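In what follows, subunit A forms one complex with subunit B and a second complex with subunit C.
For the complex of A and B:
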């Protein structure tokens, strides 16, 4: 992969230049909460912030959007109204999340809605400082080698810039004078030192080794019932998880007409109606069953299929769940056969 | 030798797998109190013969303003041109569908799912066990085998319904009893009419009338309400049918049909693309397929 070097102070100039390609979005802090917002320049961004409340999946796969307009003649797809965006400041875990989403939405059957947004959104990653909830080191998602267009690693005096796609390279070519190919020994040493230092920053330790077997052994464990008693079925874990892709589809009809829209919106397997079939049979009536599905999917099934968990270690479930059910507490509960308070 | 160039099929390349095509209902009549039979064909008649599928596959059907739901095909691809469905009135979409008349249109996309592994079933004996609405997808397989009768071995069809009046395709199946190239056995749980000339009892009672079965060379195929799998599977195992030759086709909630929406997930498999046809072996190692308690207790 092509790696270039850029002076720290040139980032602002670079971002001003690339706005020609599309809207610039980056992490901003408002009332102590971090989210991606549309910005005019680097100065409005908060690059020290760790995680946004909602992962960047919302740009590739919005919480609610219209798939079709329909009338009595049939269904007409609605595409083409997606703006071109540059997302700056995405962390490795979230890019790993996007790579998993790519797998889900672009393999087997190609989802044209996801594809359109993916093609019109450039991902410009940025290195990060882990906080007490981060555990990407346990899920092997603390560094990233694919899925982004550019990736900026902050080495105090300068940036090392990984060029991950031709589109990323096109951005570089808008301001080629800011970048240099001349990397020297000190860059390698600085980068190695950064990796070493990052590895020492983690406070949450969790071990997902052997999880598929532990899930299989614990399928009928009473741990699930205990966790189910705590769970509120609020579905927030699904909303904030970078790899939750489930959705629902409803037709919205204008009153007294047969014209309307078919809309798709985020769904969660924590909701009671999720597995309900016509006639009232529910394959996952109990909260424990639904909770087990969620965690089985992340920590057992996905490992079985792709060799790694569908958890990218971002810590959002740790930060969000009101009753402290998250990948760490569930993995521990299954291993210890005891549910913490 | 000169290389032949590959001739591509003359088919529209579908960019959006979610777009329904409009189909016209050409025939509909009640099969029972709450189940209707439908025949539908593309509004664009040119397309009618191009719609190809396998027995056991399903389509997503849209009604304007009511949304979309999966329905299994009851017709056989060996009789092309018309899709057939039997649909029970159980929800908002199906109740609207029940109010629809001939010549009204519905949206259909598909076919989806793996369907029955016909290539593996060729030359084998086939034992089909249908319960209630389970006859809907199994009729597709049954008719397909009857239309290609010399490609398969012995054919047995067992069908159980609650009451004589609730048996789907009752007259059609009773007529099949006259054919000599299959063994068609019908049962009702209770005979409220007093005129039912065949077996009264649950569907598993029919196993007593089976005669010799060459288990190793047989495919057993089940579809019915979730509870039925529990009672029927042990009978098929007892006949010596290997677990990977016992097939069941399942029902799940679905919103896409193409492995994206997540609703039909069973562990790492999706009913819509990896199923809806699963083998008993799948059921044994994936506990969620039929539900809690089935595979926990069954070891053999």
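For the complex of A and C:
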């Protein structure tokens, strides 16, 4: 991995130049909505916005999209209509989220729809300032070493730019004069100071160590029933979680014909219908069972399989659940054996 | 591959007829719709109607008289598939918001006084599944054109329609809206079936629940939450019941027994 240095004021020029590769997208804030939007230039972005409502998974795996068109002779994949996009301003937690999605959609099972979007999307990360809901320090996702094409660390006077891929390097080569390889002692000191400072900014204190054991011990805990009584089954937690990846598949047909489309849309194990099978049996009829599945998956099962939690500490569940059920309150409830108010 | 066009009937009972109107409002697809199906009876659309065996009956409106009850049973007896369209048929509609409170006769008297009703014997409004078996529910007040057309297209192709079972919140997040309920304001989203595309929250307005209750709602938790946020319990109950009909009335019984003010 190569690290370059760039003057702060050159960022705008750089982003204008790389637009030649594809559409430029970045975090924007409009009417209280923080989202990744298509922009013309850096000036339209809000780099201070901590978290978008929906993580960047929406680019790699849209909420609802058509996979293919079918008729009586077979089917034709809907590929090729995905635009090339550059996402600027993605934070380390969200890049960690994409790395997890990559594992699920590209390794054992190759998902062609995800792959096409992933290959046409460049991730240009940006350092961030944690707010009161961030807890990436507890999930070890506060810094990132893989999964991005470029990563910009803001050191006040200049950017340190990590080059994470050859595609990222190609972007650098579109404006090589803006980057310097001459890093000196002050850059190292500034970067070390930034890391130290970032570590002091967290306000949500949560300890996820030992979570697999605590989940195992608490499998039959009455805490789940209490949480189940509160849960609204609205499914928002799944929609906003950077690592939730479940989907449903449905066919639509043209009126009076058997030609149609097969669509895929985001689903959630929090919904009753999710675990409903033919014959009317439901594996997780109780809301408490659904909640337990969700949290066990994030903080126990995933650790068992991949060595780290499927929580990237982004705080979106904390910033979304109307009844205050999130990774922090659930972990606390299991540990304390009491559901907080 | 050709299939015989299914014989279809469209019927309306107590309601605003908005769902039947929405079918007629499918202007771009109306020719296809009438081409792909054999519309045997649709009083709002045509005068030449024939009552007989049907493949599919679409029924709008709640059941409010003994006469309607008899007519509905007759439609059921001669239809292979019966589909409830719109909030009134699905759950009873706004006219059923107070259903089961034991004060229907009092309200009836307040409106009609001592007038003698001769056309039929009036009853408290009920959803159609209180009388007959319903195969498919297409919710909405009024129904959504594309949900209706998707369902019809599937039926014509001999497939089972799929309608969203999850709450409005799901579609609302797809639209990247901030959660209204999280902000401490009333929103009926978690209790309400999706399919509307979360139009209201996308425009910054709370969900009023016009798609009717989902099959898996936690009304007790939402009620508690709104009470904690400082809402007047009676007001909350009114808002929740507006489009919730008989189904919600059943679910809030326990809350009301414990006393809304408690």
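Just so it is clear, the second predicted complex is superposed on the first by the 341 of 341 C-alpha atoms of A that agree within 3 Å, B and C clash if a C-alpha of one lies under 4 Å from a C-alpha of the other, contacts with A are read in each partner's own complex, and residues count from 1 in each chain.
Operating definition for what follows: a contact is a pair of C-beta atoms (placed from the backbone, for glycine too) under 8 Å apart; a residue touches a chain by one contact, two chains touch by 3 or more.
The structure displayed is predicted, hence computed values, not measured ones.
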- Clash-or-fit label for the pair subunit B, subunit C on subunit A: fit
- So, A:272: does it touch subunit B (first), subunit C (second), both, or neither? second
- Task: Could you look at A:253 and tell me whether it touches subunit B, subunit C, both or neither (first, second, both, neither)?
- Result: both
- Task: Determine, under the contact definition given at the top, whether A:302 touches first (subunit B), second (subunit C), both, or neither.
- Result: first
- Message: Going by the contact rule set out at the top, does A:72 touch subunit B (first), subunit C (second), both, or neither?
- Response: both
- For A:220, is the partner it touches subunit B (first), subunit C (second), both, or none of the two (neither)? first
- Could you tell me if A:21 is touching subunit B, subunit C, both of them or neither one (first, second, both, neither)? neither
- Query: A:323 contacts which: subunit B (first), subunit C (second), both, neither?
  - Reply: second
- Message: Just checking: does A:233 make contact with subunit B only, subunit C only, both, or neither of them? Give me first, second, both or neither.
- Response: second
- So, A:32: does it touch subunit B (first), subunit C (second), both, or neither? second
- Note on the structure: With subunit A at the apex, the angle to the CA centres of subunit B and subunit C, rounded to a multiple of 10 degrees, reads 70
- Query: Taking the superposed arrangement, what is the smallest distance in Å from a C-alpha atom of subunit B to one of subunit C?
  - Reply: 5
- Shared contact residues on subunit A - subunit B and subunit C: 72, 250-251, 253, 258, 260, 267
- Message: Quick check: in the complex, which residue numbers of subunit A touch subunit B?
- Response: 67-68, 70-75, 77, 79, 104-105, 108-112, 219-220, 245-251, 253, 258, 260, 262, 267, 269, 274-281, 283, 289, 293, 296-297, 300-302, 304-305
- Which residues, counting only subunit B, touch subunit A once they are in their complex? 15-22, 62, 64-69, 88, 90-91, 94, 105, 107, 226, 251-253, 255-256, 258-263, 265, 267-268, 273, 287-288, 291-292, 296
- So in the complex, which bits of subunit A are touching subunit C? 31-33, 35, 52-54, 63-64, 72, 229-236, 239-240, 250-258, 260, 265-268, 271-273, 287, 319-323
- Message: Give the list of subunit C residues in touch with subunit A in this complex.
- Response: 1, 29, 32-33, 35-36, 149-150, 152-154, 156-157, 159, 162, 165-167, 169-170, 173-174, 176-179, 181-182, 189-191, 204, 214-218, 220-222, 225
